[in-house]
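Both complexes shown next keep subunit A, but they swap its partner, so subunit B is in the first and subunit C is in the second.
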Partner chain A sequence: MNMKKAATLALGILTSVGGFFDVGNIATSTQAGAVYRLQLLWPLVFGTVLMIFLVEMSGRFAAATRQALPDAIRTHLGFTAWLFPFIILSLVHFLVLGAEIGGICFALHLITGLPVPFWALPVSVLLWLFLWRSTFGAIENSSSLLGLITLAFVVAAWKHHPPVGQILAGVVPTLPHHDPTRYWFMAVSLIGAAITPYVFYFYSSGAVEDEWDESYVGVNRAVSVIGMGFGSVIALAAIVVSAVVLAPRGIQVDDYHQAALVLTEAFPFWGFVLFAAAMGIACLGAAVEVSLSMAYTTAQTFGWNWGENLDPREDARFSLTYTGAILASALLILFGVDPLKLTLLTMAVNAAVLPFIAIPFLLLMNDRKLLGEHANGWLSNTVTVVTLALALVLAVVSIPLMIVGGS
Partner chain B sequence: MAMKALKDLTDDLELARDVLDKQVVDRDEIKMGRVDGLVLELRDGKPPRIDSIEMGGVVLAERIHPRLARWVDGWRRRLKVRKTAVYRVPWSAVQEITPYHIKVDVAALETPAFDWERWLRDHVIAHIPAAAKGGAQE
Partner chain C sequence: MKTLFSAGWSRTRCSLRAGGIALALAAGALVACQSKSPEEDLIQQARPAGSWLATLRWTGEQWNANSVPKSFVKSTVAEARKDLDNVSDAAGKSKARPEARLPLLQLMKDSKAAGDALAGAARKGDRPGVARQVAQLAALQARFSAWQASAKQKQEGGAQ
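Let's look at the complex of A and B:
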């Protein structure tokens, strides 16, 4: 494996830190651990398996065809077929970006004590400036390095000597002892947090930016397993820590302040700051990704010039798309939408809309005229179709129940 | 007509699969839009042939619903950035069709396809300081 291919592991880590472990995982994992202890590890494992398959497919597609997904879907399925998934995907981008910006603002609120909406504008200006000035490589490298701080959750989980037997038991789905509606809704949110649909669209554009070709098919497999596995272990650790620290004290995560307590036992002095730093960085990495993803998708849909390595003067529409996206999503936080509620809603929406966004992608993956020997085999097809169907059933059943029961 | 036949394209060109919706690039391979529509020329006693490719938001909207097309065109007139609703490139200007793009022998910057790109660059990007990727370009 040469240096460039080794370096592409960075893309995997960036994608996992930004796309996998983000505000959605912090919210859903800490809440699930606090209420159901170790019983809800299985949705995360389930979501991770599906995510590994989806990301692997997306990278394989980009390596084999040198095309990013939105680009190829518009070309092969046509504008009218792509329009509806594109609109849904844009809505997902908008909500997720709002949740991530909310996460960064909340992390700053924890450290400074200043109210969350106060940070909305400074954070979006900073985020925008970073995208405006950086190249794709610089973004990849800085996010992967800084993202390592989220390993604090794993270290904390380790320090608490969690019961291994119960952890293994939690990987197997079981029926809830209490509050079944909440249980299933939480399971859906955990799945939605694991499979944020924009991620595999972003990943293919990233692979095109990194100029992957067919020789990357093998590396891509490793990247998706290691990258998504890395993100998933952190999210699992967050459930464990929350189950050990919050659940025995009867602390339920109704807002992020309670979530912020999870690291204080393992790191008495630094726990609070560490949580804030991990949350801020994970959300920043994700916010960068979502903004870019929005711009990639829009530019490819309409055929505009695009690329994060180009000067904004060369791709004005691309650059102004992420600028507009950041502004629109920041308004949610500026006008005082609660970041935790926004996140939980967004994660459930993610799980519900997943089939609409994944089906055009699955169709392309089976196009042998396009992919030749790299088209999907029976394993990828079976796993994705079955898990997508399960995720859809869970979402369709539990979200209305939660809305009816929760009011 | 100078056109390369490519490995993934057989002798038959499937218009809907291989041409419609494909990325269009100019002679310098700058991405300038997509094939939003195709125009056929009907000829007496002879089979129809492709006359030109069309680009423009109004063409796209027309594919969804005529009313949407009128609405989009109304905005185009009001905003006065894009001069013509439909930009047509004659089929004779097509230089190359690959699995990735259709290359046409024009300069994107001077075409209506770049009206918005040009306007945004001159009226928005130009007023934002620090628009250069600070020396990071290799």
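Let's look at the complex of A and C:
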């Protein structure tokens, strides 16, 4: 494997840290661990398996066709077929970006004590400047390196010596012992946090930016498994730490302030700072990805110039899209929307809309004229369709129950 | 190929629409089946209060151990207050029997006072004061658990 291919593993790390472990995982994992201890590990494992398949497919597609997904869907299925999924994806992008900006603002609130809305505009300006000035490579490397701080959750889980038997039991789906509506809603949110749709759209555009070709198909497989696995282990560790630290004290995560205490037992002095830093960095990485993903999908949908490696003057509409997206999403936080509630709602919506966003992609992945030997096999199709259907059923049943239940 | 895929897409959309309607009906039926007694409702609405009491207690302990800053104690107390106020409002408006809701109202009043005292002691750097409020919050947690058990008992008694 040459140096360039080895370096592409960094793309996997970026998508896992910024995309897999983000504000959604922090919120859903800490909440699930605090309420149901180790019983809700299975949705995360379930979501991770599906995410590995989706990311692998999107990378394989980009490597085989050298086209990003929305571009190809528009070309091969037609603009009308892509329009509805595009609108849903844009709405999800907007909500997720708001949640990520809220996560960064909350991390800064923990460190400074200043109110969360105070940080909305400074954070959005910094985020925009970072995107405006950086190349794709710079974003990839800085996020990957800084994102390693989220390993604090894994170290904390290790230090608490969690019961291995219960962890293994939690990987197998079980019925709830109490509060079934909340249980299923949390399961859906955990799945939604694991399978954020922007990740595989971002990933395919990133692969095109990195000029992947067919020789990258094997590397892509390794990147998908290692990258998503890396993110998943951190999210699983967050559930474990929360189950060991918060649940026995009777603390449930109704607000991020409650989650902020999760590392203080493993790291008595630094735990609080580590939590704030991990949250801020993971959310920053994810916010960069979501902003770019929104700009990529919009530009590819309408056939504009796009590329983070281009000067903003060369792809003005692409740059304008992420600028507008950042500003609009920051307004949610500026006007006082609760970041945790926004995150939980967004994660549940993610799971519910996933089939609408993934189906055009699946249709394309089965086009043998386009992909030849790289088209989907029965395993990829079966796993993806079954898990998408299950996620949809869980979401459609649990979300109305949760809303009616007033929780 | 484009035509073939357009047809596939159209069929998929129809199946999705039919499946969506069936699922929405199932969810609607489940929602309609959910009905609770006022006591049950109150117990559920009061749930965040127990969690916040535990959070405030541990925040005080962590501040005394130099693990969290003063500003965190202040903002955590402010957030807790919002939910404790919501629980008070719910108890005030609840149709549950007075012997279930009045003790909860008093408990919320005492919890808010303990939270404010905790924030005040941390602001002044008063460690013994924070330790006293931690003990007070532990007592309030025990009272809250006792209230939950008694409300459940009354609700079960009422149901019989």
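Keep this in mind: the second predicted complex is superposed on the first by the 406 of 407 C-alpha atoms of A that agree within 3 Å, B and C clash if a C-alpha of one lies under 4 Å from a C-alpha of the other, contacts with A are read in each partner's own complex, and residues count from 1 in each chain.
Basically, contacts are C-beta pairs under 8 Å (C-beta built on N, C-alpha and C of every residue); 3 or more make two chains touch, one makes a residue touch a chain.
Since we're looking at a predicted model, the values are computed, not measured.
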### Query
Touch check for A:Thr48: first (subunit B), second (subunit C), both, or neither?
neither
### Query
If you stack the two complexes on chain A, which partner ends up touching A:His76: first (subunit B), second (subunit C), both, or neither?
both
### Task
Pick one for A:Phe302: touches subunit B only (first), subunit C only (second), both, or neither.
first
### Task
In the overlay, answer first, second, both or neither for which of subunit B and subunit C A:Pro268 touches.
second
### Message
Under the stated touch criterion, which partner chain does A:Ser293 make contact with: subunit B (first), subunit C (second), both, or neither?
### Response
neither
### Query
Is A:Arg249 touching the first partner subunit B, the second partner subunit C, both, or neither of them?
second
### Query
With the two structures laid over each other on chain A, which partner does A:Ala260 touch: subunit B (first), subunit C (second), both, or neither?
second
### Message
Looking only at subunit A, is it subunit B or subunit C that touches more of its residues?
### Response
C
### Task
Tell me which partner A:Ser204 touches in the superposition: subunit B (first), subunit C (second), both or neither.
neither
### Query
What part of subunit A is shared between its subunit B contacts and its subunit C contacts?
76, 78, 369-370
### Touching residues (chain side subunit B, partner subunit A) in the complex
8, 16-17, 20-24, 30-34, 36, 55, 60, 63-64, 99-100, 116-117, 120-121, 124-126, 128, 130-134, 136-137
### Task
Spell out the part of subunit C that touches subunit A in their complex, as residue ranges.
1-2, 5-6, 8-9, 12, 16, 19-20, 23-24, 26-28, 30-31, 34, 44-45, 47-48, 50-55, 57-59, 62, 65-72, 74-76, 79, 83, 141
### Complex interface listing, subunit A residues touching subunit C
76-78, 81, 109-110, 112-113, 181, 249-252, 254-255, 257-258, 260-261, 264, 268-269, 271-272, 355-356, 359-360, 363-364, 367, 369-370, 392-393, 396-397, 399-401, 404-407
### Query
Mind pulling up the subunit A residues that touch subunit B in the complex?
65-67, 71, 74-76, 78-80, 83, 129, 132-135, 138, 302-306, 309, 311-313, 316-317, 319-320, 369-370
